[in-house]
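In the two assemblies presented below, subunit A is common to both, partnered first by subunit B and then by subunit C.
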Partner chain A sequence: MNIYRHEMRMSLRSMLYWTTGMLVGLLFFMMMFAAVSEEASVINLIVSQFPSEVVRALGLSTLDLSTVLGYYGYVFMFILLVASVYALKIGISALSEEIRAKTADFLLSKPVSRNVIVTAKALSVITLLALQSAIYSLGAFIIVDIITGQPYDKTVFLLINLSIFLVGLFFAGLGLLLSVSIKKIKSVLPVALGIVFGFAILQMLNQSLADPVLAYLTPFAYFDIARIINARAYESAYVISDAVLIVSFTLLTYIIYRRKDIPSV
Partner chain B sequence: MNVIEINKLTKYYGQARGIVDVSFNVREGEIFGFIGPNGAGKSTTIRTLLALIYPTGGSAKIFGKDCISEGPEIRRQIGYLPSEVYYYDNMRVIELLKYSASFYPDTDNKRIYELAEIMELDLGRKIDDLSYGNKKKVGIVQGLLHRPRLIILDEPTGGLDPLMQHKFFELIREENQNGVTVLFSSHILSEVQRICTRVGIIKEGKMVKVEDMSTLGHTNYKKFKVEMLEPQPVDYFNLAGIGDLSVNGKSASFIFNGDINQIIEKLYAKKISNLIVEEPSLEEIFMHYYEREA
Partner chain C sequence: MNIVLRELRANLKSLVIWCLAMVFLIAVGMVKYAGIEAVGQSANQLLNQMPAVIKSMLGMNELDLTSISGYYGVFFLYFALLGGTHAVMLGALIISKEERDKTADFLFVKPVPRSKIITAKLAAVIINLAVFNLVTYFASVFFVAQYNRGESINDQIAYLMISLFILQLIFAAIGLGISGFAENAKKAASLSTTVFLITFFLSAAIDLYDKIDFLKYFTPFKYFPVVEVMQGSFNTFFLFLSTAIILACTAMVYVTFQKRDIYI
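Entry: the complex of A and B
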């Protein structure tokens, strides 16, 4: 419990910065909603001139930019990218930051087992991601409500926003696993950016090719916004795939970290 | 009773040698000096005892329990001070020490203030703003605040000024008098001579010898470098107790172990232009010591 408290104290502020950044980005994009929704027919006309593969890759084929949720869903794809970079970053940092800051000797010479350390750190990561989703959802709700002033489906809105948490867990879990598998990560953020954009490109490919197998390879495909808007629910196959991967990443992290040599300072 | 029992402990980092078949025991209530040059395997041995790294072969027990499988339980009773100290930069000293204390059930914070006062440590400062020596003091306090039964010190005195070193040794001696066992790793022989009762010597990953301090204690090696005004015969300094003698015209250098007055007499009889007397490095002593033994 003391490790968990310590972790939270160390990383709460950075989480607030990232979440504020996401909300500021949202505010900026939502201010253009009125203009975009008015000109939606013109935009649709321009878009229809593009090759259909490109339109699908950009996610423009399924979302109606003239509606609140359609437009929000499009903007949300970019916000989700930022949230994913944050999730991957804290996942990678949780265990490896102690080695980079050379505080691992301090922590691991205390009477705690490796498992307890992983548990405490993983719990703090989950808490941070949950707080991030909660704060973002609340902020997004206020921003969208005030700026658009139009009614929209609140359940769908919540389902869209909750995918930040579910995708975040995937990246955090992946980050934990990477941090114990790779010998030394010198700088976390560039690695996190690279990996998240790799998955985003995979998602563009997936949207363009509409390949059912490819979709399982990228968490961005698990919570497709157009399908959430239509079905008002997630698709269970993808939720299960997400959960299985999160649990596997975490279990592997426990197993590898148990036997990991802590490099000398 | 043995507090530490190390049996054929071996650690390879991939292909690189860490330690090979290291075996020795540390008895309850003693201050055991663990000496050897840099890279000999002192830290590797200590880090294995603390389960920071996992052995490739052999085993180690502390308080009769296996270091790896019962690590957390053992570490409750261990205070560890590493050679390089790093803490969370944005914490204050007192916060860090309380965090450290929170790992040990029923420690009272009074001990933190007591130790901080002895070591003249300012508890309100940020870790980031501390000098290396002050960080070391934080290390000493966090290593002792839970009243461990075994203290493991890995080259602890670097960065401490002589006055603080003295206070630190007093503190360790006091703990030892209360029955605490100490494993003290160092490459500075005089430090080890100062407080240890027994020493183990490690070289190139292998234990060379474990010996009572009283055996090593009578040795009083000094390293001499002399510049004469006139060239001297090669065997001018050739006394009993001289080692590594090299004479080159007017200059001579050697290691001497014995009654120092003999050398003074020799020097007094001649005009000299320069004289350096210093503590020989451990390696030089060992070379000399073990050459004679062999």
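Entry: the complex of A and C
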């Protein structure tokens, strides 16, 4: 419990910075909603005349930018990118920060098992991600409501925002696993940025090929906003795949960390 | 010279990973081109009717996506994104990592003035960026040739690589400049990331809404529009602005490091 509290105290502020950044970005993009949505209604007319293969091959967004949710969904993809970098960052740092800060021997010589340490740190990561999603969703709700002033489907809005948490857990789990399997990580952010952008590029490719197998490779495809808007629900196959991956990342982290050789100062 | 070699060796692994990622990206991107080419004519028809806002959102203003040069031009945005990330992180960490790794005292007690150390590290940065750029160039030429059935577009690729290199230099300089006054390596990295992401999202916002076009001076992603560059023309004003940013940021790191209290 002490470890958990310490972790939270250490990282709460940076979480608030990241979330504020996301909200400021959203505010900036939402201010252009009125202008963009007008032009967007013309586009819908044109796109509807063409076969869907063509539209997809061009990577044209299947989102209707003239509606609140369609436009929000488009902006959300950028915000999800930032949230994912944050999730991967805290996932990687949680366990490896002790080695970098040379505090690992201090922590590991305490009378707690390594499993307890991993549990405390993983819990703090989950709490941070949950708090982030909650604060972001609330802020996004206020911003979108005030700026657009139009009615929109609140359930879908919530589902879209909740995907921050579900994708975040994936990246945090991946981060935990990476941090215990790589021998030494000198700086976290470059690694986190590289990996998230890598997955984002896979997602772009996936959008134009629309290969259901390829979609399993990138968490960004799990919660496709256009499909969430249409179905008003997640697709269970992808949610299951997300959950399975998160659980296996975490389990592997426990197994590897128990036997990991930690360098002392 | 020793410092340059030492830096090159230290960054070799990450450089190799970045280059492999670029080669992979280009290879994968060209597979995507095959898909677009297949729907060819009707895709072009659709695009011609699109309002400007959507075209610029997809980064394909005035670019013919079904021609290989147009497609490659659209793809350039992602090179800029990855090249910029690599450069800004390299710049932010190359000097500040000495303090982080507790090797600063070792390096700075050597009989070399600080300015020389910075110059050596700068040289290492430029070599790293150049390698990244050349690998991207050769991978592009190779993979484009696999799918190209028309005229060679090697010249256009070369022009784009020049603009990519300028972009890399700008971001590396920004990273260096930030590391000069940031307290430690961690803060340097996170501040540089913030600046980098802001400029990237700003350019996305300008694409979305052209009334805020005047903000383009603040984002290097907008300095060299792909269409112009592919015709071989570089805007003189922005070339000047780029040079100014690069020089100012580099000068800043020389000044701040001269007086810096090195944390050991």
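One rule holds for everything that comes next: the second predicted complex is superposed on the first by the 244 of 265 C-alpha atoms of A that agree within 3 Å, B and C clash if a C-alpha of one lies under 4 Å from a C-alpha of the other, contacts with A are read in each partner's own complex, and residues count from 1 in each chain.
In the analysis below, a residue touches a chain if its C-beta (ideal position, glycine included) is under 8 Å from a C-beta of that chain, and two chains touch if they have at least 3 such contacts.
Fair warning: this is a prediction, and the values are worked out from it, not measured in the lab.
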Quick one: classify A:A243 as touching subunit B (first), subunit C (second), both or neither. neither
Where does A:I43 make contact in the superposed view: on subunit B (first), on subunit C (second), on both, or on neither? second
Applying the touch criterion given at the start, work out whether A:I262 contacts subunit B, subunit C, both or neither, answering first, second, both or neither. first
Per-residue touch tally on subunit A - higher for subunit B or for subunit C: C
According to the stated criteria, A:I142 is in contact with first (subunit B), second (subunit C), both, or neither; which is it? neither
If you stack the two complexes on chain A, which partner ends up touching A:S187: first (subunit B), second (subunit C), both, or neither? second
Overlap of the subunit B and subunit C footprints on subunit A, listed as residue numbers: none
What does subunit A use to touch subunit C in their complex? 21, 25, 28-29, 32, 35-36, 39-40, 42-43, 46-47, 49-51, 53-55, 57-60, 78, 82, 85, 100, 186-187, 189-190, 193-194, 197-198, 201, 204-205, 208-209
Complex contact set, residues of subunit C against subunit A: 14, 17-18, 21, 25, 28-29, 31-32, 35-36, 38-39, 42-43, 45-47, 49-51, 53-54, 58, 65, 78, 81-82, 85, 89, 93, 97, 100-101, 185-186, 189-190, 193-194, 197, 201, 204-205, 208-209, 211-212
Which positions of subunit B touch subunit A when the two form their complex? 13, 43, 47, 50-54, 71-76, 78, 80, 82, 84, 86-90, 99-100, 102-104, 142
What residues of subunit A sit close enough to touch subunit B in their complex? 2, 6, 10, 101-106, 108-113, 116, 259, 261-262, 264-265
